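Look for chain A in each of the two complexes below; its partner is chain B in the first and chain C in the second.
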Partner chain A sequence: MMSLARISLGGAVKQQYLFKLRAYANLFVSLVAVQIIALLFTTGGMVGMSGMGSEYLDLEIRFYSGAILFVFTALWIAVNAFVLTLPLSRHVDFSFVTNRLSSNLANFGFLVTAAVAGGVTVSLGSLLLRNVLYYTGGGSSLIIGANFLVRPDELLTGAAVGSLYLLLFGAAGYLAGALIQLHRSLYVLLPALVLGVLFYEAAHEQLRLLQVINFYRLEALPILFILKIVSSVLLLWSGAALLSNRTEIG
Partner chain B sequence: MNAVECRELTRYFGRTVALNDLSFAIKKNTITGLVGPNGAGKTTLLKILCGHLRKTAGDVRVFSDDPFNSLKVSVNTVFIDDHLALPATLTIFDTLEAARLFYPNWDHRLALRLFEYFSFEPRKLHKDLSKGQKSTFNMILGLSARCALTIFDEPTVGMDTAVRRDFYRALLQDYLHHPRTIIFSSHLLGEIEDILEEILLLGEGRKCLHLPVAELRGYAVGVRGPAETVEHFIADRDLFRRERFGRDKIFVAVRNSFSGEALQEAGAMGLEVFPIPAEDLCVYLTARTKGGIDDVFSED
Partner chain C sequence: MQLKIYRYTIVAYGAVLLLSLMLFYLFPKEALLDFDPRAGAGIEQDTYLELHKKWASGELDRKDNLAPYRKWHFDYDGGHLRIVSGGGCTPQILVKRTAADTSAITVAEYRLFRGDFFEDELNPYTVDLVGERLIVRGPEQIALKFRGFERDFTIDQFREKRAGQYQEQDWDSPTSRFIQGLYLYIPETVKIDYDPGDIFILPDDEE
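What follows is the complex of A and B.
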């Protein structure tokens, strides 16, 4: 006679989370790959360049920035968050012990881990970028010193802010995925809608999208910034969890 | 005490009805064979029981809980079919290790011994296994999880005869040592009926039969002989099948409600009377016509 096993929601979430860390460990390898590609773009292409000159002088200023690195990492987390909502990923969860809520919560835990890994590596990546420029760009004499040196606390703040933004992108990707699972037509409609809005905004120069971005970007108070991001993420996640709580595992 | 109870369970897919007013109960610690033709609703039923699919109407209870989104049902249920999705990045050995952490009653010693017996290469990926090997590996997962409700949906796909026999033996051995509720769906009833205690037969989403296997074996008899004599002999008993063969001979399968004397008489009348195997009876009971495929070729 077999007695029934018991499990709490917390226990199930923890088990699923640890399982995902093992099963999706390869995503962290892909993170490194994506960032290396981003750095190649940055050192090769440059973000901006201006040149001027006279008879005696030829001046060229090159701006390097970690922006591409961040954009690539944001895409990485958004795409992977999206993939976590696809039927195949759900199927794997349901091959073991889970319900829809614990599967979602474990995914959120995994996304937090991914965001922190992304934020820290983006921050460190900017150091790497400086090093690469130092050794390939002719040494310190040609680099503006004030921008070249980074204080440890700046590095830490960078990692934290980067992680928070990545969390936001991850949550957006996750909600998009959960939405698309609702009906097959949304596979076409949702991307079309997003692109449509972008083109419309660009064409009409109204850029309300910018206001959304500025809502986070221009926040001067750290605690408010954190609050804004965290509450947005929770909102996106709750939406996704509600949408997917009736999903069938075909 | 029942492990599974369904009352008027109904499930639609769009306009197709997959389960139709299905009511039955499965007692704790029994092995039940779930049989029926393709499209009878077997997989739909099993996926509702393990909480993967929703019901449309009616009531379904597994360990007295609604299985949809129930963690209690999930931790006490293992569902094995040939589409079992496992992480593509884990080796099969790591997959066993991962499964071990999920199931409180997991028997790792059994898992490793079966793993070795079937000569699995620990570092292989699940996707690189052959069809039969996948089924064998999934079977190891299903047995070792030692869940109070263990569901196998067509678990022997691709397995060769030797492995299938080993599987049936292993299942029976493990069941005897650790009784639990096992539901086994298969098209090969002839192969598995020896390990089953009960049979639940579905046809077009409805329950056709739910009986102990022993009763099913004596449920029907076949009678063969000249058409008129046979018709006279079976009188108005429940007819499950009628096939013509030869010029004026027929074979019928009818409900076995004959007395011993009547059966002896039959011999004297030149009729052959023989038991109908459970597997054949299930085919007859779920067939749309009494004559089977022959009706397609019949002139009238």
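What follows is the complex of A and C.
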């Protein structure tokens, strides 16, 4: 049965976005699982260690941080952004009056939501880690005070910055997914290229990859940092949207 | 049904995170360890040399505000003394000669600190005189294990950084933070012998 009802682009995007939030609720469950695994790895000993001492004194300090939590969450959003571009996920959109543009915009909306959820939970997870270690670690006398406390404004900054980084990882995953849809051979070639670049970079002293990371990491001005991330994300999304327009329907 | 399970899982995790947030800010933490291993980063060698120089030059007992941690006094008329290790860590002894007619041996333990938490944790020396043998037992090594935290990089995004600086790893070693050694005051006529493999003895500069 055909529908004669006209629907605006905004309405279609909103409908698909809300549908995706429900349909992909399992992705948020996987976020919970990924973060719990990261917390278990961190509390279980996947941490930095520093052994210092002399004949008189043997001092061992285990250093914990939310870094593993963030890395796992970044992988989660990149993989899920990739999954959104797969044919199976795209077919879901055909239940709606839709086109490539509204489908992509709804996906972008979903990724923004996922990035914010990831950024906020990573920051809160870092506090959870501190609480777990504080209450199970044999008392405050065994915990070094420096860096333990996190001010509320630092927590908010961490959540916002984390969300922006996750948005970037999500956009990169989405572009990679859109690229791979161009030809089946890219399923093998693209991961091989990424791994090859990583190995090549690791074998050389002057890592160009680090320079790319520094472009974002060393930006200390909030407005410039936001501008860098947002423009990069828009560039990646535009590329993905253009590529997805070239893929066959169905 | 599946959607319900998903919702419950997400809500439960959110609740745990919120509870943790409240626990972190509403319940004040007991006094945490006041020790920053990075506090003296970069000055380790200078500090160590400075501390060691003060000990080795025999200046510690001349400092007005520095009293020995423990002191032992023995009457001694002999012309020879053998210093032996009674166990523990290798004793570090600086020999200071006194007048020939003193007829006494005095041993003082000095500790020089930069004010660290483990000042009270260190074990003391013990000294005994048995005949012509001065038995010095070095302090037992103390082993301390602590938990520290790195600041999340997302929190530090807007702090000034330099290229390549992701984590500072230049810890300040605690070995550079204190000296624990003995001063042995002994008449200049008394000959000393010891096994250099067991005991580390420095003569006074003034000798």
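Details
Going forward, the second predicted complex is superposed on the first by the 239 of 250 C-alpha atoms of A that agree within 3 Å, B and C clash if a C-alpha of one lies under 4 Å from a C-alpha of the other, contacts with A are read in each partner's own complex, and residues count from 1 in each chain.
By our rule, a contact is a pair of C-beta atoms (placed from the backbone, for glycine too) under 8 Å apart; a residue touches a chain by one contact, two chains touch by 3 or more.
Nothing here was measured: the structure is a model prediction, and the numbers come from that model.
Steric overlap between chain B and chain C is absent once the structures are superposed on chain A; the two fit side by side. Contacts of A:R100 after superposition: chain B is touched, whereas chain C is not reached. In the superposed model, A:L9 makes contact with chain B only, not with chain C. Looking at the superposed arrangement, the partner reaching more residues of chain A, out of chain B and chain C, is C. In the superposed pair of complexes, A:E55 makes contact with chain C only, with no contact to chain B. Shared-chain residue A:L88: touches chain B; no touch with chain C.
Contacts of A:F63 after superposition: chain C is touched, whereas chain B is not reached. In the superposition on chain A, A:R22 makes contact with both chain B and chain C.
Superposition on the shared chain A places chain B and chain C such that, viewed from the Cα centre of chain A, they span 160 degrees in steps of 10. Superposed on chain A, the gap between chain B and chain C at their nearest CA atoms measures out to 6 angstrom in whole units. Common to the chain B and chain C interfaces on chain A are residues 22, 25-26.
Chain A meets chain C in the complex at residues 22, 25-26, 28-29, 32, 35-36, 48, 50, 52-67, 70, 119, 121-128, 130-131, 133-134, 137, 139-150, 152, 154-155, 157-159, 161-162, 165, 210, 214, 217-222, 225. If you check the complex, the residues on chain C that touch chain A are 2-3, 6-7, 9-10, 13, 16-18, 20-21, 23-25, 29-38, 89-90, 118, 122, 139, 141-155, 157-164, 166-167, 171, 173-175, 180.
For chain A in complex with chain B, the touching residues are 1-9, 12, 15, 18-19, 22-26, 88, 91-92, 94-102, 245-246, 248-250.
Those residues of chain B whose C-beta lies close enough to touch chain A in the complex are 29, 47, 51-54, 63, 69-72, 74-76, 83-87, 89-90, 94, 98-99, 101-105, 146-148, 178-180.
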